[in-house]
Amino acid sequence: MIIVMQAHATPVDLAQVVSHVEGMGLRPHVIVGTERTVVAVVGAERAATASGLETLPGVASVLPILAPYKVASREVQSEPTVVKAGSLVVGGKRIGVIAGPCAVESREQILETARAVKKLGATGLRGGAFKPRTSPYSFQGLKEQGLQLLAEAREETGLAIVTEVVSPEDVPLVARYADVLQVGARNMQNYRLLEAIGHTHVPVLLKRGPAATLEELLLAAEYILAGGNRQVMLCERGIRTFETHTRFTLPLATIPWLHARTHLPVIVDPSHGTGHANLVESMAAASIAAGADGLIVEVHPDPKLAASDGGQTLDLPAFGQLMSVCRRIAAALDRSLD
Amino acid sequence: MIIVMQAHATPVDLAQVVSHVEGMGLRPHVIVGTERTVVAVVGAERAATASGLETLPGVASVLPILAPYKVASREVQSEPTVVKAGSLVVGGKRIGVIAGPCAVESREQILETARAVKKLGATGLRGGAFKPRTSPYSFQGLKEQGLQLLAEAREETGLAIVTEVVSPEDVPLVARYADVLQVGARNMQNYRLLEAIGHTHVPVLLKRGPAATLEELLLAAEYILAGGNRQVMLCERGIRTFETHTRFTLPLATIPWLHARTHLPVIVDPSHGTGHANLVESMAAASIAAGADGLIVEVHPDPKLAASDGGQTLDLPAFGQLMSVCRRIAAALDRSLD
Amino acid sequence: MIIVMQAHATPVDLAQVVSHVEGMGLRPHVIVGTERTVVAVVGAERAATASGLETLPGVASVLPILAPYKVASREVQSEPTVVKAGSLVVGGKRIGVIAGPCAVESREQILETARAVKKLGATGLRGGAFKPRTSPYSFQGLKEQGLQLLAEAREETGLAIVTEVVSPEDVPLVARYADVLQVGARNMQNYRLLEAIGHTHVPVLLKRGPAATLEELLLAAEYILAGGNRQVMLCERGIRTFETHTRFTLPLATIPWLHARTHLPVIVDPSHGTGHANLVESMAAASIAAGADGLIVEVHPDPKLAASDGGQTLDLPAFGQLMSVCRRIAAALDRSLD
Amino acid sequence: MIIVMQAHATPVDLAQVVSHVEGMGLRPHVIVGTERTVVAVVGAERAATASGLETLPGVASVLPILAPYKVASREVQSEPTVVKAGSLVVGGKRIGVIAGPCAVESREQILETARAVKKLGATGLRGGAFKPRTSPYSFQGLKEQGLQLLAEAREETGLAIVTEVVSPEDVPLVARYADVLQVGARNMQNYRLLEAIGHTHVPVLLKRGPAATLEELLLAAEYILAGGNRQVMLCERGIRTFETHTRFTLPLATIPWLHARTHLPVIVDPSHGTGHANLVESMAAASIAAGADGLIVEVHPDPKLAASDGGQTLDLPAFGQLMSVCRRIAAALDRSLD
């Protein structure tokens, strides 16, 4: 870290900072400039309890240098992680597409959707059985019955099942049915849940929280990785900004930025990322062009009847059109959806 | 809700919307304007599954009318809720101040802090035993041992204990020791946790998530209230914006806005809300002036040694100064801290 | 507009609202619901001075219905506007690429850049002569001498000149040299400037302000269009959000959203939109995939020596690589860069 | 500045950075850490063209150290600037209150308002004659006639006139009538306007842009100060965030943060900062409690008839109530509104 002293800091202030840093077991380098003095501390910064340094007299600010994540970092593993969950392969040349309804609503609905998206090229099936809903008065999901219907859909179509788990105590149950455990945006910093998932060997789709920095996303992944589970996919699904014409703002620069820093694959969710069905295809195409390793898309045979998120859900023809465009763009970049 | 049709919507589009609304059991009112036609639907909107309406042909947008929360609403209960947890009373004329360290670190630290803040006028003691930390490599709290130390501090000082619970399975344990269960900002939408707390009778301090709208905050409170627990305090602790000179941006208009819509008391956390000790006193004073029913403030006998959040933590003299300023402002508004 | 009454509004409140609306020359439709009463007003809303309505007793909120822009709207002109400025054609099948340095620094620099980007496929040359700089102590541009150098570069290469104008009084001067007048993000709501440009016939590149909604962008365009100048290109260049790993957050859903509402072409600036050279190619590719009609990219023969914005500037090989990727993606979507 | 090298940077990369820094006339200090090497450069950083440094091979990031503003800084002038404009005195113990309508609409309206706010304790009169409006179809102000009416109101009441100037060419005209030139939020980075005002000796009220950092606000002030005009008041009027229940989010931590860094007084605009009349009093009170040196408030004898901004405008009794509360809070802090 770099400790910047105030312009009027005294020699006593400086000595106290130096001594405090030494007391932390680190080595300070004092550099006296024409306008400011700085103390550079380059060492095992992560372990240090530096939070109180800025309260010392004469300290103007403390700037960190090291990224706080480790196992997720490219510096630790330079080749990309390829996540495999049954028919779903994500990472490297292969782009995986996960499609399906927001929530599992009925046997007919999920089976019809599964058959159709499989035919159109999806390799994963999404569908919520445990639904975290903003309002306690909204539909909360079919719970275990929903998981059974998803398993039946896998049985018939071979699609990998991607479904959300919302509480540490549900992890064993959901892991019995799912090929991929999804951590929703609201739970990105539910550390107990991350820890519980870290102790399984089931692949994970970790969604970015709408106010999370990418460093916080990588640190959330680090909770899972640190538990021993290395099969983590990161998912950009939009952030909260002042924009209101979309439900969230979908920042695709996330993709190359993460690729430069982590070996974990990056998935994009253009459905939540926009909130409007008519924007989903363009943003799916843009995601592939920006290097995404996969997509997760809300698809329903009849969106106007969907129990939740209908406004951002594609019908089957629209999903077919999305797949066709994304296939062409992937091909132009020497990658493949199939 | 109001359904706004596109300028070029056809009579067939309109008929389909009307019939869809009727199929939802609601009554549509069609109003034909010079440039647009709108369909007004004023009814049991909350129960309706309206999410798919905007995918119907010819629909430009769907505007909600009713606020989605009920039990939290002023329309249901007009007089303010007063939360009482031992010596801590929040709501009405009484302003409660909760003070203490970010985390319980040792017996000596928590007892020294408790005695000092009690003397300076606090009526609640904060201190984390279960710490949700952004990095898996940071100090995670003393767990049950921390709770025992908090109970000991209560024993000696009479201060009400306010401490965080991070997982539904911990609720019984933490409820055994705590006078107030704190739900942290990261867990504001951890619905299982909210439900578990809703089934206790322990008062709750519910922190706003840094990207949560006030409607989402009230809906999170609604999860607790709907479970039967009516002793809920809402806490503004800052939102994530483009500003970087503060850790979060602390929007105090939250206070009068919430007071106009809910009977629940509103607490402000100027420590997390700014992230810098030298801004805390001003924002505490501003909170009282804006009508806050309480404060929660990080205080440590020696902030530079704090295991976490040291940069935003007041030492004891600074906390005394804060109390003195807040007392004068409360008096100017005919309220009282004591 | 829709006027939502409070739950406890009285008949007198309602009568006053109705009478106020009638006094505005508009026709109110009162709809009494089970929980709320609303007053729908569908008429010449834009002309009305509605801003005081929400202060009337009993009014809970006022929701607008009509979009406030007109001439820019697809409802007024359904076929896309194609902007032509010399060799630069933007709109329809043709994608235009504008490349060049942040600022014109010297004859050699601008000529070398112009020749190189022309060869790599650009049809427009960017370069600032009047530079609006955040700090008064930064390089402010070569002013008219810079314009002369740009004209010389056009002479030699045939590239269309795109350069910024920052003040109404400079419009005649800059218009003498430029093929496209650029309005920078800081000036998007400099209405005098927009009006002055609206009275010329020179094509315009109008950049979105970093905190502007898309409605505000369209209203800024409306100032130019209302003056008689219809050759307006809209430019997304990133918005200010809580993200700090990029200089701005680049929201590409802007492209399909604008295309659905306006006939004006949409350009993307991936250089300012990310702030880092290593993210520019991916975001340029994503922009084309999302349907952008053009790109504006910062390119310099030696970015480390650039007088401004060096960190986000591509060198010539990187720009060549960007063009090659974008060409392939455009072809996959049946569009063309050439 | 601090240049952080990548973990895998080579000695050749390091040598190139060192040599580049030396070529800029600055002195690099290389510090080799266990995980990273950093190059500290502490010197005349502001003058340097550092923007290209991060494009050098092996460079991970470049962190600035020095604040980029000078004349506005507390380090240059430690005692607070007191701005005096006729009867309006802002800074030190004295709190100034500027009140009046959004726009001057008629002789009767402005005179009635002036008399009333004067009686209630205001020392400045606001009122727009040149109105920058988001839509070209909205009321644009009475221009010079509006200025004459303001002057007449000053004649009668002695209030200082605070009115906006939107273009450099209008500065001489507006300066003939106004006691304080207001720079609106949209023009905070209209540098030509700032320069023109910097060459007058008329006091200035500089509003923060809704997406401007406080550093950018201070740099905008620096444009005026650098021209020789030292009578600058900074004005916080809210920033754009994801919140929609208020028009802007009003971050009052601005006040103590600015007071610690600049000698210029800080004014708050609770009308634009909230956008709703019923939130204005609380936020005015909070501003005073947080240490604001003044307020600027929208007041109109009949807000529902206001030509603009009616929803956020106080009527006269509400303004009287605001003054009474603010007076009590100021007194509690040993300051005075009168």
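Residue numbering begins at 1 within each chain, and the chains themselves are lettered A, B, C and D in the order written.
We adopt the following convention: a contact is a pair of C-beta atoms (placed from the backbone, for glycine too) under 8 Å apart; a residue touches a chain by one contact, two chains touch by 3 or more.
Note that this is a predicted model, so its numbers are computed, not measured.
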*Relative to subunit D, chain with the most remote C-alpha centre*: A
*Counting C-beta pairs in contact, which comes out ahead: A-D or B-D?*
B-D
*asked:* I'd like the Å distance between the centres of subunit B and subunit D, where a centre is the mean of that chain's Cα atoms.
replied: 30
_Separation of mean Cα positions, subunit D and subunit A [Å, integer]_ = 38
*Multi-partner residues of subunit C (each touching 2 or more other chains)*: 211, 239-242, 244
*Contact footprint of subunit B on subunit D as seen in their complex*: 211, 213-215, 239, 241-246, 249-253, 255-257, 260, 273-274, 278-279, 282-283, 285-291, 325, 328-329, 331-333
*Hey, which residues of subunit B end up touching subunit C in the complex?*
2, 4, 7-8, 29, 31-38, 40, 42-44, 63, 65-66, 75, 240-242, 244
*Partner subunit D, residues of subunit C touching it in the complex*: 20, 46-47, 49, 51-56, 62, 68-70, 132-137, 139, 166-169, 186-187, 189-192, 209-211, 216, 219, 222-223, 226, 239-240, 276-277, 303-311, 313, 315
